[in-house]
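Let me begin by handing over the structure; questions about it come next.
Labels run A, B, C, D, E and F following the written order; every chain starts at residue 1.
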Amino acid sequence: MLLKLMTWQEVEGYLGQSRGIIVPIGSTEQHGPNGLIGTDAICPEAIAARAGELGNALVAPTIPIGVAQHHMAFPGTIAWRPTTLIRVVVDTVESLARHGFERIYFLNGHGGNIATVQAAFSEVYGERSLAPADNRPPLRCILRNWWEGDSVARMRKQMFGHAEGMHATASEVAVTQHVYPDAIKQVAMSPTIAPVGRFTDAEDYRRTFPDGRIGSDPTLASPEKGAELLEASARDVADDYAKFIAA
Amino acid sequence: MLLKLMTWQEVEGYLGQSRGIIVPIGSTEQHGPNGLIGTDAICPEAIAARAGELGNALVAPTIPIGVAQHHMAFPGTIAWRPTTLIRVVVDTVESLARHGFERIYFLNGHGGNIATVQAAFSEVYGERSLAPADNRPPLRCILRNWWEGDSVARMRKQMFGHAEGMHATASEVAVTQHVYPDAIKQVAMSPTIAPVGRFTDAEDYRRTFPDGRIGSDPTLASPEKGAELLEASARDVADDYAKFIAA
Amino acid sequence: MLLKLMTWQEVEGYLGQSRGIIVPIGSTEQHGPNGLIGTDAICPEAIAARAGELGNALVAPTIPIGVAQHHMAFPGTIAWRPTTLIRVVVDTVESLARHGFERIYFLNGHGGNIATVQAAFSEVYGERSLAPADNRPPLRCILRNWWEGDSVARMRKQMFGHAEGMHATASEVAVTQHVYPDAIKQVAMSPTIAPVGRFTDAEDYRRTFPDGRIGSDPTLASPEKGAELLEASARDVADDYAKFIAA
Amino acid sequence: MLLKLMTWQEVEGYLGQSRGIIVPIGSTEQHGPNGLIGTDAICPEAIAARAGELGNALVAPTIPIGVAQHHMAFPGTIAWRPTTLIRVVVDTVESLARHGFERIYFLNGHGGNIATVQAAFSEVYGERSLAPADNRPPLRCILRNWWEGDSVARMRKQMFGHAEGMHATASEVAVTQHVYPDAIKQVAMSPTIAPVGRFTDAEDYRRTFPDGRIGSDPTLASPEKGAELLEASARDVADDYAKFIAA
Amino acid sequence: MLLKLMTWQEVEGYLGQSRGIIVPIGSTEQHGPNGLIGTDAICPEAIAARAGELGNALVAPTIPIGVAQHHMAFPGTIAWRPTTLIRVVVDTVESLARHGFERIYFLNGHGGNIATVQAAFSEVYGERSLAPADNRPPLRCILRNWWEGDSVARMRKQMFGHAEGMHATASEVAVTQHVYPDAIKQVAMSPTIAPVGRFTDAEDYRRTFPDGRIGSDPTLASPEKGAELLEASARDVADDYAKFIAA
Amino acid sequence: MLLKLMTWQEVEGYLGQSRGIIVPIGSTEQHGPNGLIGTDAICPEAIAARAGELGNALVAPTIPIGVAQHHMAFPGTIAWRPTTLIRVVVDTVESLARHGFERIYFLNGHGGNIATVQAAFSEVYGERSLAPADNRPPLRCILRNWWEGDSVARMRKQMFGHAEGMHATASEVAVTQHVYPDAIKQVAMSPTIAPVGRFTDAEDYRRTFPDGRIGSDPTLASPEKGAELLEASARDVADDYAKFIAA
């Protein structure tokens, strides 16, 4: 169930049965020579849609841009400051809570968002903690990364081993190849497996990772593998979400 | 050309030929008994994609949420504060300008965004005006509403006359029916044409417009009309964008 | 009735009879070779004062500075960032609402303020929309430009035709000549009618409009015409305000 | 020389001779039974205008509203949050510095503004301190209260002694009576001299000072005394400003 | 009683007897050739601890950094923007008020903090003034400088006369010598007494005061004098605090 | 080497040899029946001081308050909003970078700070990423928790096993007992080992963890164990810091 394809009366009906919602959140940033700039939004969007089918969950529109400042030396990246994304998450959560949603499940596609979204949750809770004692129902927010559920994590390891990498991973490229088969790119890469390391700002990142990848060989990706990964992750998410809304 | 489906090297190539980009911006808000909550994002996203094909323009991911506080009394609406959206637009524009984009064309799907996005442009320009005299190339931002080009405006009038309305319009519902035919809703409405009037906050809005529509009869929408409207608007946009990047 | 010339007890008495107030808002910015830097504040201040007499309305002090970043390449201009002006308008409206004012009528003298002030209204309403269901009386804000009422718009056209222009207009210069006859400047201008066009930041503006005017021939102004324009606008405003507070 | 009555070319000429400017800043707040709500803006505006004549100084438009939260329990008061006024002062100073002004002299009419305006100066300087080593000319801001110069302070004491008080003072009421003789109010007050004490927020203030005055007997004011006070203060200011711009 | 050395149950017990708390606030900034960078935090921290013993008062952790932008040209200084410190003070006060503290006594060690902390108090009160009429107990905040009580001020004058100075004063250096005798520095200074004057930003400050001192001869400091000063100031503070919480 | 006990000339000398600094950051929040409210600041402050001795590192003053909103239902807790702490960290880092520090090592005492401090680092880097290409030396920030180094983590497990817990842990209480032996509290607790679980805001936290502890039995703490833990952690930190500044 995609919120964007429903009417307000249908949402009203849904709220009679459930107080939970999944909010995909991604990033718009370089993903190496064969990875799509939209990778981090495409993956959680597609996985959330499938998890929503499996788990009868409402899925909000994808927040498509995130904390991607470290990729700014590669053209096409769009970065929101952390303080901007905090405002975005706070307003989104407050809007949903106003309608009676009590369990907000952010399905994340970008490691760089994690800290900031968690800080945003503390900002939301903090307002309630400083002005307590009303009768509002408890509000609970959680962030999960699509690649971390047990099944999908095991599958990623089996499929790609250490060539999975940390950015422009084989598995995320595979998922996007499944979702957008017409956008598959055939690009040779050298070295086969990208270097690993730490980074700070955009210039530092590009010096260390010249083609944008970290530790990955995304030429191993295929749309078939992507289909399997998507399904595995969606099942992980549906299970996890079910526990979350029951808690 | 969708930015999300490109690699950073492809964007680099594009920037060798053009300095323009289209950024769709929408809203997630009630659209009456048969209108989708995602209407205001779906329309500019689809029209921008088609205009990008026609005009060889790069299209950024859609900003899916906007200034929709007045719809908050209808479940499913998500509203960002104006000051939040200003930060979003400023960071987005600064990111694009950092890569060398010089003409940022926002294609808007929601009247409630107009003032705030224009204010955000002034915020961007203002920083340059207060700290001038560098060698940055001129940056130019523009906001256009998808329904205001000459062809599409004429077509809307011909198709629906005064039943087009101001919110949950027949034409925007039609476009979404074309884009998402599986999500077409059959709902009877009374009165046939919704009331018109002014409004302030969410409670005031809902008192005045009980089912969410303003002045429209969206039962007149059809996917066929939506297809025509989309194409007409996309041609308007492609023409307008061509002039914009040439200026 | 000027708020600044009243005591708090007199305001208390006024609130027993009316819940409306007019707030003039202007700008401090270049107005071409014979236009005063204070033009955009002087006009709404004088017109609001007269409309207040005609319509028995309280008039707040003039907010004298606004969104004028595009004039910053001309000395004397003072510009507040849009996000600054939003804070100014929000605090002003919240203060008035705290006392029981329910109809806040901003009379504006500067086109560049419109988007930002409208965004500020959404910011005010948005707080109420996100935290609804209290017993506050409805709050309604409106922005009107002094030059747009029916009578004054017609008069401007009759007096100056297409030489009225868009910035440093003949009519606004005329109003200031009536209000401050000792500050009338006699300056030759070339070309007679200034160019028209678009602009972004301050450097871009000055390149396009070298003496500051857009499309106008303000040498046509006279204090006599200014007196007529002021009176016509004040009558428009008084009528419009009467409808606003009655709604 | 009032900035609002000059053209940009005249300001350009002025900057060829001087780098200083006076910015009056006031408040819009209750001033007891016979004091005008605009008192704190009227006084520095009139005194700055006269000091500008005496000292050949440019005078900016008056910032008419300030930090007046403690007067909010009296109708008519308008209060900007301190963080709002900081933004206002920062943007105003940055605008003036952009044109080449290097000595910004704020002439203040309201004690409640002092801390916030000083904090704003530190905010301005702080940006320069964190990003130093450019070639910008030194920028210097100062805040002076119109009632604190040697001559005017002595005159206030001679005229009113301890009945001068701290808020709604006899001397500020006198200055407004001179400037706006048609707005003189005849009101009996009890007790003759208002109480003194500390206060925090608006409710606390009104409990302690029921008619709004602190420590004053403003029935002693007269327009004649106001004329003398205005002239004395303007001379103090002109002398002080001359030293300031020479430093 | 130091808050940091108590359990929450002990604080609960304290709140049964008192609603007051002392919050030391300092700065981390250069203090000339023999002054410690932590001077402005060390002094109020030690004096507050002693005053807390004398007056049975709870003492919060020291806020160790403040508005020190003007010292940024000397290595080791850390400066928070005024708007940052306002947020810090607002959140600190709101937290304490949430637990039932009603008298917050800031003991300050740095003149540069005064305006900003006062502005922060107005920000706190302002929220209450704009949204009044609840049943919250009155909240009262005060800022005192440790060097200004009657006894300590007299002692400073007796000990050092005009060599006390305004920054890196003999007395504050003495207090730190008493608190941290192992960190006493023996440094010759020239001139013996530092120059006095005004300053704006960091570069301006360093040009005027090359070794960081203003008007002082801190070689006159000794740990013995520091012990006397600390005790005198603590007694002043304990007396003043007792009056404050009784008011 | 404690920054607070040095002069600016000594810092200048240090910067000739090293570009690194350790910044302890804590929290002021309840730590159960026998844990000190200052625990999370006391631990990193003491460990950083010792690590600084071992590793010849400069140590900044401790930021004593952090993101502790979830503890606000226990008296004595002070919480800064995440957006406040971001401003604090940004200003602190910018100040240090201004002097030439290039490696900023935050030693953290509170899990609730992690996300927000990481977001603050992204905010700092983001400004550089959006405005690149200058000649600034690379700036690198890192956050480490004092309890996570290999040696101390092993020791915590050996000493306390699963009774270590997650909040008000046996080991952090032990460290504070070593640092402040006079503040050791003898309190019986029931149950012996506190419950574990998730939490959101303050009311939710207190419902789930009635005496404030999560999963711990801090009666197992002793000052002797604390001394060992402090030393182990300090060695971990000194080693880790040495690698950090060498990178």
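Simple rule for what comes next: a contact is a pair of C-beta atoms (placed from the backbone, for glycine too) under 8 Å apart; a residue touches a chain by one contact, two chains touch by 3 or more.
Note that the structure is predicted; figures quoted are calculated from it, not measured.
In terms of the stated touch criterion, the partners common to chain B and chain D are C, F, listed by label.
The pair from A-C, A-F or D-F that reproduces the interface of D-E, where over half of the contact pairs by residue number are the same, turns out to be A-F. Distance between chain centres (mean CA atoms), chain E to chain F: 24 Å. One simple way to say how far apart two chains are is to compare their mean CA positions; for chain B and chain C this gives 29 Å. Centroids built from CA atoms put chain E at 53 Å from chain B. In chain E, the residues that reach two or more other chains under the touch definition are 72, 79, 81, 83, 95, 98, 130, 132.
An unclassified topology is adopted by the chain contact network, corresponding to no line, ring, star or complete arrangement.
Chain pairs that touch, as defined above: A-B, A-C, A-E, A-F, B-C, B-D, B-F, C-D, C-E, D-E, D-F, E-F.
Put simply, chain B touches chain C in their complex at residues 67, 69-70, 72-73, 79, 81-83, 86, 112, 114-116, 118-123, 125-126, 128-130, 132-133, 138-141, 198, 200-204, 247.
Within the complex, the chain F residues that touch chain E are 2-9, 11-12, 15, 28, 30-38, 41-42, 60-65, 72, 74-81, 83-84, 87-88, 91-92, 95-96, 98-100, 180, 183, 185, 187, 212. Those residues of chain F whose C-beta lies close enough to touch chain D in the complex are 94-95, 98. Within the complex formed with chain B, the residues of chain F that make contact are 130-132.
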